[in-house]
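In what follows, structures are represented as structure tokens.
Both complexes below contain chain A, partnered by chain B and then by chain C.
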Partner chain A sequence: MLVMKNVNKIFQTADIQTHALRDFSLTVNEGDFLSVTGPSGSGKTTFLNIAGLLETYTNGDFLLDGEDVGKLNDKGRSRMRNEKIGFIFQGFNLIPDLNLYDNVDVPLRYRGFNAKERKRRIIENLDRVGLASRLKHLPSQLSGGQQQRVAIARALATDPRFLLADEPTGNLDSEMAQGVMSLLEEINQQGTTIIMVTHDATLAKRARRQVQVKDGRVSELDLVNHRAIA
Partner chain B sequence: MLETGLIFRALMRNKMGAILIALQIALTMAIMVNAIFMIQDRQQQMKRPSGIDENNTFYLTNTVFAQDHNFQAELQTDLNTLRKTPGIVDAIQINAIPLSGGGWSMSLQHEPGEDKDAIGSALYMVDEHGINTMGLNLIAGENFSQEDIQWRGQGQSTWPPKTIITKAFAAQLFPDDWQTAIGKTFYISQTQPMQIIGIVEALQAPWNGWDGVERSMLVPFQMESSSSYYFIRTEPGKRDKMMPIIEKVLAESNKGRIIRRITTVEDTRKRSYRQHNATNKILTTVVATLTLITSFGIVGLAIFSINRRTKQIGTRRALGATRWQIMRYFMVENFLISTVGVFIGSIGAIGLNMWLVSTFNLTPISFELILFGIVALLIVGQLAVLYPARKAALIAPATATRTI
Partner chain C sequence: MFNYYLKIAWISILRHWGLSLLMICAIGLGIGAAMTTITVNYLMSADPIPHKSKQLYYVQLDSWDVNDPFDEGLNPPDQLTFTDTTNLLNAQKAFRQNAQAQANGVIEPNDPELLPMSVSGRANTADFFTMFDVPFIYGSGWTHQADVNKEQVIVLNKVTNDKLFGGEDSVGQTIKLDGNVFKIVGVIDQWQPKPRFYDITTGAFNDSEDIFVPFSMIAEQKIGRSGNTNCWKPSGDGFSAFLVSECIWTQFWVELKTQQDKEEYLTFLNAYVEEQKAYGRFLRPMDNRLSNVMQWLENQEVVADDAKMMMAMSFMFLIVCLLNTVGLLLAKFLGKAPEIGLRQALGASRATLFSQYIIESACIGLAGGLLGLVLAYLGLIGVESLYGDYMQGLATLDSTMMILALVLALISSIVSGIYPTWRACNIQPAQQLKSQ
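For the complex of A and B:
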């Protein structure tokens, strides 16, 4: 479970203060599939980064799996990211110099699994996204949709509780986007909690639960209301 | 868990920079090791004792220009004056100064006659005060007695029948046991017999670059010569005070000669090894500069590759890498590059040394020095990469989502 209560995030640069999140309160339950929409600059990525422990917040309360995130140091956050969170990025963020096998291996190395365990997880997860036959390929030899699948396999290899995705289909054509979305739904059905930021209203609607971020604040949309607005 | 395999495979996809740095490390190592070797070789040469009490001795040139000069009487007067002066331990007339660059050499041979094997040695003409004045250590046999001392006229070619030689010379004459040299007769100028009556521990020749620099002999001669050295030993700590006094005393005691070039043995040693010191300084500068340039190369390559991989590093952090794991990535990467570098460097160092050995007649390099070079460059590499690696470790995890 992920619980944020009155979380604020203020970016302080030389002369401007940006209030990216204002009293942001949200609870995400185990097994949820949450889509996050909102205008550009509203704070979606900021929320996702804080939720995924990539960024710290200015004040407020944030519990992840019952643990007070505010009390963790950098090393503690790193470990928690590795153990509980999987990331999917708009730009896939695969390591261009490593083949698929080695890419999926990266977070497993940080976890410290032994070679046998790593191999099992790599094969299993690349198989899950349908790419087990291309272990030796480099990311550049794959299509965007395939690359994002590899990124999903990498995110899942550590068995995370939460899968966080920032515009996972932003760089894909609609056909590939559909494929990735189906894959995410399948993963969610197998028990992984998913938070997905997207600009695509149709994809957002396919999520079990939708929230909208505006001006650093979150508002819940139930399906009926959302339709009315749309 | 070390990700050496992954680092290596990633490195193999960006070989060019790594190869160049590895070659730079190799070149640095090859030159460094050989330069240090040459420096050490010179330092060892400079450390060899001359056998003389260097701190408390000095010498001067006594040049006579008066026509009706009584060499024998004047020399005795001078030496008596010197030896009686308070603060002076002893004084002699001598034909050459160790390490000064100029002197005499003669050869001794086991048997008389031409075409017999002879061993060269520096030759110093002294009286029975020679050992005491120079501060030599007589380790076997005995000193000359007053009766042994002969006068040597200008251009005379006969030799006295006794000599005292250095241990190194004795060891060369008797490789099995240098002590057996005592009492033995050798031949100088091919046919003139000369008996070894004493052995001193050390006394260097005037030429520091000669491979026989440790071979010297004392012969009991006083010279009837218009120009010779007076070699003087003072009580400890009084040398600098006594030098002007002695100069004045001698100059005033006899108007028919001049006293020139009053010099300490210490200065003579310094001058003798000036070339050595200069060369060592140049070599040290070369090694330091090369090491510095290589460090800059390592820093430059690391910063370049870190800047290129900012997003990747952010992604790694997002996937759970700690700061230390990021730092370690670049340290391991550097270690891999450096290892290739020092491996090639070791081969290069040995190759360069083999060439130096055959061209300049140096001794082969020691394994320890190669090992030192390997360790030193691996450490230099790790130190150089520390700052870039630290920079990489501080890249924010949010870079993963915030950059395209």
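For the complex of A and C:
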């Protein structure tokens, strides 16, 4: 479970103070598929970065699986990211020098699995996204959709409780986007909590729960009415 | 994880081979220059007889002019008069003692086919061979009795024995040296102590001698003496007058086993000088010294100041090379900011990333060290060809120097990698992930 209570994030430069999140309170339950929408600059990505422990917050409370994130040091945050969170990015973020096998291997290395276990997980997850036959290919030899599938395999390899997706279909054509969304839904049905930031209203509606971020504040959308209006 | 870091480093070096090569060359050049000068300094200042260098003492007595002190009064004369050497030798107060001077002569080979050979020589006493651990192939040095009896015996070095006897055991045979017949008692093996500590006055890095004869042969005029001679007052006419003059041209070494032996011998030297003062000699304040091998090399500044200066300059060059490497590493690691951000997102802590990138720096440093070894080898060949015989045998990279080169490269690259790695590890992952 992810719980944020009155979380604020203020970016401070020499002259300007920017409130990226204001009294942001949100609870994400086990097994949720949450879509986060909002206009550009509203604070969606800031929320996702804080949720993914990639960024600190100015004040407020943030509990991830009951653990107070604010009290963790760099090592503790890294361990929690590795064990509980999987990331999917708009730009795929695969390491171009490494083949698919080694890309999926990265978080497993940091987890400290032995070679046999790492191999099992890599093949299993690449197989799950339909790319087990291309282990030795470099990312540059794949299409955008395939690269995003590898990124999903990498995110799933550590069996995370939360999957954080930042515009996961933003760089894909509609056919590939549909494929990736179907895959995310399937993953969610198997028990993984998904938080997805998107601009695409159609994709957002496929989530079981929707929130909107505007001017750093979060508001829950009534999914039933929203769907009916749409 | 170490193997994983090595694998990642290898991939990164290959992927950015141009930048990596530049860094390897920068480190290699710095290490090459530093190792060339370090090696020369190291070999110049190496202990030539480590197991007993603290038991061998060079004797100095200040018999010089009271009105014009030797070395402006900073040091007593670097050699002794024949009178003092003979007196100290006859006193036999040390565990071992060796009186010596440089000599030279011409050998007339027994084989009429061979031309006469000009040879470098050393006139010394029997203890020379045991004191300085001279290795023999055939026979041995002569006995004390041979010194006392002024026997015409000779020890050849291997090269001379090879020339005269084709490398056969020549012990017991005779040769004619400067018209006098000498009986061969031993043939020494290859022996080239560097520095040639037993006689610095005639060149610390010269080769050891072709032949060795008893010290008494000089006084007996059976062999010509050579080397440095300094006199502070006229030596008089004739060789007999020269021998009893105040000219310094002989050296005297003693072997003393313990500190107490050394103190006792110094007391003896002081008593000797007091005695000589009674004869109107030693007019300067008493300044008798016993210097062990390393103290003597230091005192004689065997490692020249310009060699030290060269070493300092080469270290500065190494620092410049490392500063360049810092810049290149910074460019490389900051160029990897998106990957670093991603690795953080996937669970790498700053400490983990620091280890990974410092190992990459170390790998580049090791490659630079290997290149530096090759350059140092070429540099030493250059030094040898520039200075000729003076540097012969000094310009070699031994295993200690090779290990030192690699360790120096490793430390240098790790030190240069610290700042770029620290900068890279402090990258904010969120910004990098969004910018991809």
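Everything below uses one rule, namely that the second predicted complex is superposed on the first by the 224 of 230 C-alpha atoms of A that agree within 3 Å, B and C clash if a C-alpha of one lies under 4 Å from a C-alpha of the other, contacts with A are read in each partner's own complex, and residues count from 1 in each chain.
Keep this in mind: a residue touches a chain if its C-beta (ideal position, glycine included) is under 8 Å from a C-beta of that chain, and two chains touch if they have at least 3 such contacts.
Owing to the predicted nature of the structure, the values given are computational and were not obtained by experimental measurement.
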- Query: Since both structures carry chain A, what do chain B and chain C do when superposed there: clash or fit?
  - Reply: clash
- Once the structures are superposed on A, label A:106 by its partner contacts, choosing first (chain B), second (chain C), both or neither. both
- Task: Have a look and say if chain B or chain C is in touch with more residues of chain A.
- Result: B
- With the two structures laid over each other on chain A, which partner does A:45 touch: chain B (first), chain C (second), both, or neither? both
- Task: Tell me which partner A:211 touches in the superposition: chain B (first), chain C (second), both or neither.
- Result: neither
- Considering only touches as defined above, state whether A:89 meets chain B (first), chain C (second), both or neither. both
- Quick one: classify A:79 as touching chain B (first), chain C (second), both or neither. both
- chain A positions touched by chain B in one structure and by chain C in the second: 45, 49, 52, 54-55, 74-75, 78-79, 81-83, 87, 89, 91, 93, 95, 97-98, 106-107, 109-111, 154, 158, 166
- Residues of chain A defined as touching chain B within the complex: 45, 48-49, 52-55, 74-75, 78-79, 81-83, 87, 89-91, 93, 95-99, 102, 105-107, 109-113, 154, 158, 166
- Message: Can you tell me which positions in chain C touch chain A when the two form their complex?
- Response: 1, 4, 11-12, 15, 338-339, 342-352, 428-430, 433-434, 436
- What does chain B use to touch chain A in their complex? 1, 3, 6, 9-10, 13-14, 311-312, 315-325, 396-398, 400-402, 404
- Item | Residue ranges of chain A touching chain C (in the complex, touch as defined) | 45, 49, 52, 54-55, 74-75, 78-79, 81-83, 87, 89, 91-93, 95, 97-98, 106-107, 109-111, 154, 158, 166
